[in-house]
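Common to both upcoming complexes is subunit A, partnered first by subunit B, then by subunit C.
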Partner chain A sequence: MKRARIAPGRWATIAILGILGLLFALPLAGSLEFTLRSPNGGYGLEHWISLFAPARPASYAPIWTGLTNSAILAVVTVAIVLFLLTPTMVLIQLRFPRLRRPFEFLCLLPISIPAIVLVVGLAPVYLVIGRAVGTGIWSLAFAYGITCLPFAYRAIQSNLDAIDTRTLAEAARSLGASWVSVLVRVIVPNIRVGLMLASLVSVAVVLGEFTIASLLNRQNLQTALLVVSKQDPYIAVIMSLLSLAFVFLVLFAIDRASRAIARRQSAL
Partner chain B sequence: MGRGRQLIVTALAETKALRAGADPSDPSRPPGSASAGRPAGRRSPLAYLGLTPFAAYVLLFLAVPTVLAVGTGFFQRNGAFTWSNVSALLDPVILKTFGNSLLLSLVTAVVGAILGALICYAALGLKEGGVVRGLIDAASSVLAQFGGVMLAFAFIATIGLKGMLTVWMADSFGLDVFASGPWIYSLPGLYIVYAYFQTPLMVISFMPALAGLKPQWAEANLTLGGTGFTFWTRVGIPVLAPSFLASFLLLFANGFSSYATAAALASQGAQIVPLQIRAALTSETVLGRENLAGALALGMIIVMAVVMTAYSLVQRRASRWQA
Partner chain C sequence: MTQTDPAPAPEPVADRFAALTDGNPLVSDRSEGVRVVFDGVVKSYGSQRVLKGLQLEVQPGEFLSLLGSSGSGKSTALRLLAGLELADGGTILVGGEDMSRVPANKRDMGMVFQSYSLFPHLSVARNTAFGLRMRRVPEARVRERVDAALALVGLSDFAARFPHQLSGGQQQRVALARALVTEPRVLLLDEPLSALDAKVRVQLREEIRRIQLRLGITTIFVTHDQEEALAVSDRVAVMNAGDIDQIGAPEELYTRPATTFVAEFIGRSCLVDAVVRDGFAEALGARLPLLAPHPDGPARVYLRPENLFLASDGTTGAVPAIVVSSSFLGAMRRTQVKTTEGVELVVQHSPGERVLAGDAVRVGVRPEPVAVR
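This part shows the complex of A and B:
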């Protein structure tokens, strides 16, 4: 009997992925070609070398400022995810199961509210914040925590669903553990993969954010790239390629790591 | 996924019912029996207190900005109520930008959905959890959610005025891509770049549905005398249709709300709604009105609410086949 199959044949797979893969690689190849153009015609590594030994260091300054700011924002945003969102999710899972659906709705809501709309309302809010705590870049992380909410929620919740939170917590409680040690020593170690995924996704979202920073006149990596691209398009394209490659490698590593973990768990 | 979660909850309820002090907070138990078995002070005020930091945070940075964004359109600078900004939504210029935005989202969502579904289908031929699948997943996530400004650069470097393809076509075929003006920096260019980041989003959101097709269904189809063709027309496509539609709506919403790529590509002009909001925010008056940004935000929220409601309705139906 002919074997039943849904998947396309070997050659169809190669043909579809090959053609579409080439098509989608074109802009990236175009970027690479662009950065390899030598100032005096032909090809060379001049622009890549100038990244480390810039002829006009001042014109690259915005990128380093933006990179530093984005790094600060990433750290504060991850802190919001780990120390504000996570305890709340565990609390809801353990003590308020009825609030689960409304809470899920709330966390997924930012998907439906475009950043460009949010920024219209964030402008007056940040005016007040600016007067209260100054215009330090870190306060922008509060807005970024909201844009990361749906991604972080999904990563953590799917991990919470995969373990028997309630039984773990009850077992720990009956052995005399306080609620804090239930959270820190029982639940958190069991959802560390979800927490890691949520943190990395948040870092990726923060590094790629442009809309809010740009319209609130803050400098982050993306706004800096746009500024620098006006003076030196080559360096902007190089930095773009590097950050795309960086996030790609991080995501690929996550994919491999989580598969390895899944394999190990199913082997047990 | 929803079904799997339900199963876990029911399984828990059954094991708990065997125990004497059944957990009162279990949602599957009737509300009447709940309060009877609850030890005093089980859900202390302290537990509610634990919810307040997050509630305050969401109130301040999600609820307040949304209300402000949507509400400011109804007020003048001096705080007096006005319909003038909201009525500007019916201005021919604004209607045209909304039309542009809707058409851009629609066309790129259709193109992205078809190309993305094709990639998902081809990916079924790869080993589940293999390296190539991992590469496709990672690349899709990067291009769909991380691109923004950087994708605009990539396209300028490739088909901009001095881009790789532009130069190549001019040198090899004597073809001037921009004979009718540098369209890549305006609305037509947005179609190309948007289709480029919509496709990977389709791969991310449609892949789970396609991977959920069970080989047993194909076997059942064969046993009952069906062919590969009847499998798709009678089983595959009907089962996948809701998921496809849901993903398409997600793509539409994504295209409609995108800003970064358009802002980097079209540094001047306001052909789509997000760019019009930029103009309203940075130059105070558009069409001689204050607070127009608020009215435009209201218009966007209405469109998004319709699309996302449709999405969640369709998604609920789609999840029926995804255990």
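This part shows the complex of A and C:
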């Protein structure tokens, strides 16, 4: 008897992927086409070139300030994910497994809270933070750490679940490892991919975030783009495309790195 | 807890195995094992008391097995010794030193776990070297000792492989090498063979015993498999509900079980009605000596299958029975029978004596001492 077909056939796969690809590619293509429109008619790279050699440098300064601030925020947010969230998750996995469900709920909660509602709650908190540590752009990373939680948690937890964390930790302890060595030399190397994904997602969230920065009166890439786009709409679209390209390249690099690690571990 | 004859103190490794040292650094650097003492150790998980004041002394260089069913407390005792859990009461001494406040990474124990515990991201060599690097051993010495440890377990050619490229038996060998390379004071084995297939289990347990004898290291082996425990141990402690029911040499536990639990847990037994009279139990037409004194009167005794036999027609005292089933087990047959009085027995006999279900047979009892329930 012929076995029932579960997966779609080759042409069906091509059709589905093609339609989906078009859905994603068309807006991007439209954006690219928009940025290539020449002021004198036809197409050219004038708008792209003007980003790096602007006629009025001061008008594009907010973009570079916003980009720098977003970079700082990305670094601090990734540090929160790697040095605060990850050890906490490992501690719960090893010593307090009963807290896993409540912790998971807390980490996933921010995804259900709209950013504007989040800001209403964060605003008075940031008054206190401002008095305590100042109003530097880096302090916004505390809020971004919360918004990244659902994505970072999932990426890291899936890796932790794939290894027998408890036995590995106990084996390492029986061999003389301190808890720091257990974390750094045993657990982290086995959840590398999850950590990379969590870091990437954090960077993507930070680069694309607008509401919190705007309502808390901070300047990041997205708020800067809004300001500049009122004078030059082309620049906003160019920066969006560059951001997307950056994230795509990082994803590609992570995928290549993961495959290389898997290949190296499989090779005799 | 019933204490039978304690094992004699083992001879020094050098005297017993001088010919086997063959220059292996792990063996030549070996000193005698240390004594391990559990003194009134108590451990509870919530309202459940798992260890109820464990009293146990492991002699230097001894291979002692903790045998029991799930929940008996054997793994808990091992984990307390390793420092992976903290006792609620009592003292654990290793070489005379109180381990109560010593963290797990400072206890100098080697441990092999049931689930494969090799670090997936490290090669066999780097896995084996892990403990030495935690102790900041010089790199040249690390290489030498890793090579010696892998040679000891027969995996010298596998140093560059990763755990996922090894079979289960090979992984446990590497885990053993990793545990031994640091020359721990005590070797702890927490059901290391449970996840392996039968043939590999037998091979590896013999190898573990061989290595332990060569190194003279005090070893505590946790298992629920009585055959494993009886095959490799100097002494076996049978644990039941958080305490030790009996401890002694394997032969002692098998032939002279001190409690009902031990009699039923170790080996197979048939429980039959008997009458005790003048120090003998009269059962199945036979008069059997008792392992321990018992008042005269009705009783129930344990009969081992190997002490029953299929008797010929002329054998006096044999009882008639009908074969229920018969299983061929390679070197022997095990046949279940039911006597005319409805008593169910299991007889162990040579494979050449072929019987079929429904056959009429006669069952005799060898005059071996029996335990009374």
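We take it that the second predicted complex is superposed on the first by the 243 of 268 C-alpha atoms of A that agree within 3 Å, B and C clash if a C-alpha of one lies under 4 Å from a C-alpha of the other, contacts with A are read in each partner's own complex, and residues count from 1 in each chain.
The criterion applied here is as follows: a residue touches a chain if its C-beta (ideal position, glycine included) is under 8 Å from a C-beta of that chain, and two chains touch if they have at least 3 such contacts.
Given the structure is predicted, the values throughout are model-derived calculations rather than measurements.
Student: Please work out whether A:W64 is in contact with subunit B alone, subunit C alone, both, or neither, and reply first, second, both or neither.
Tutor: It touches nothing on subunit B or subunit C.
Student: Does the superposition put A:D164 against subunit B (first), subunit C (second), both, or neither?
Tutor: Both subunit B and subunit C are touched by A:D164.
Student: Under the stated touch criterion, which partner chain does A:Y43 make contact with: subunit B (first), subunit C (second), both, or neither?
Tutor: neither
Student: If we overlay the two complexes on their shared chain A, which of subunit B and subunit C does A:F142 touch? Say first, second, both or neither.
Tutor: first
Student: Report the partner of subunit A that touches more of its residues: subunit B or subunit C.
Tutor: Touching more residues of subunit A than the other partner does is B.
Student: Touching A:S243 in the superposition: subunit B (first), subunit C (second), both, neither?
Tutor: Only subunit B; A:S243 stays clear of subunit C.
Student: Based on the superposed arrangement, let me know which partner A:S181 touches: subunit B (first), subunit C (second), both, or neither?
Tutor: Once the two structures are laid over each other on A, A:S181 reaches subunit C alone.
Student: Does subunit B (first) or subunit C (second) touch A:I113, or do both, or does neither?
Tutor: The answer is first: A:I113 touches subunit B but not subunit C.
Student: Quick check on the output: what are the common subunit A residues between the subunit B footprint and the subunit C footprint?
Tutor: 164, 167.
Student: Flag every residue of subunit A that touches subunit B in the complex, lowest number first.
Tutor: Spelled out, the residues of subunit A in touch with subunit B are 1-2, 4-10, 12-13, 16-17, 20, 24, 26-31, 33-35, 80, 84-85, 87-88, 91-92, 95-98, 100, 106, 109-125, 142-143, 145-146, 149, 158, 161, 164, 166-167, 204-205, 207-211, 214-215, 222, 225-226, 229, 233, 236-237, 240, 243-244, 247-249, 251-252, 255-256, 259.
Student: Looking at the complex, which residues from subunit C come into contact with subunit A?
Tutor: 82-84, 103-111, 113, 115, 117-121, 130-131, 134-135, 161-162, 164-165, 175, 178-179, 182, 188
Student: Any idea which subunit A residues touch subunit C in the complex?
Tutor: So the residues of subunit A touching subunit C come out as 163-164, 167-168, 170-178, 181, 185-186, 189-190, 265-266, 268.
Student: Provide the residue numbers of subunit B that touch subunit A in the complex, in ascending order.
Tutor: Touch residues, subunit B against subunit A: 1, 4-5, 8, 12, 23, 25-27, 43, 47, 50-51, 53-54, 57-58, 60-62, 64-70, 72, 115, 118-119, 121-126, 129, 132, 134-139, 141-143, 145-151, 153-159, 163-165, 196, 199-200, 213, 215, 217-219, 221-222, 231, 236, 253, 256-260, 263-264, 274, 277-278, 281-282, 293-294, 297, 300-301, 304-305, 308.
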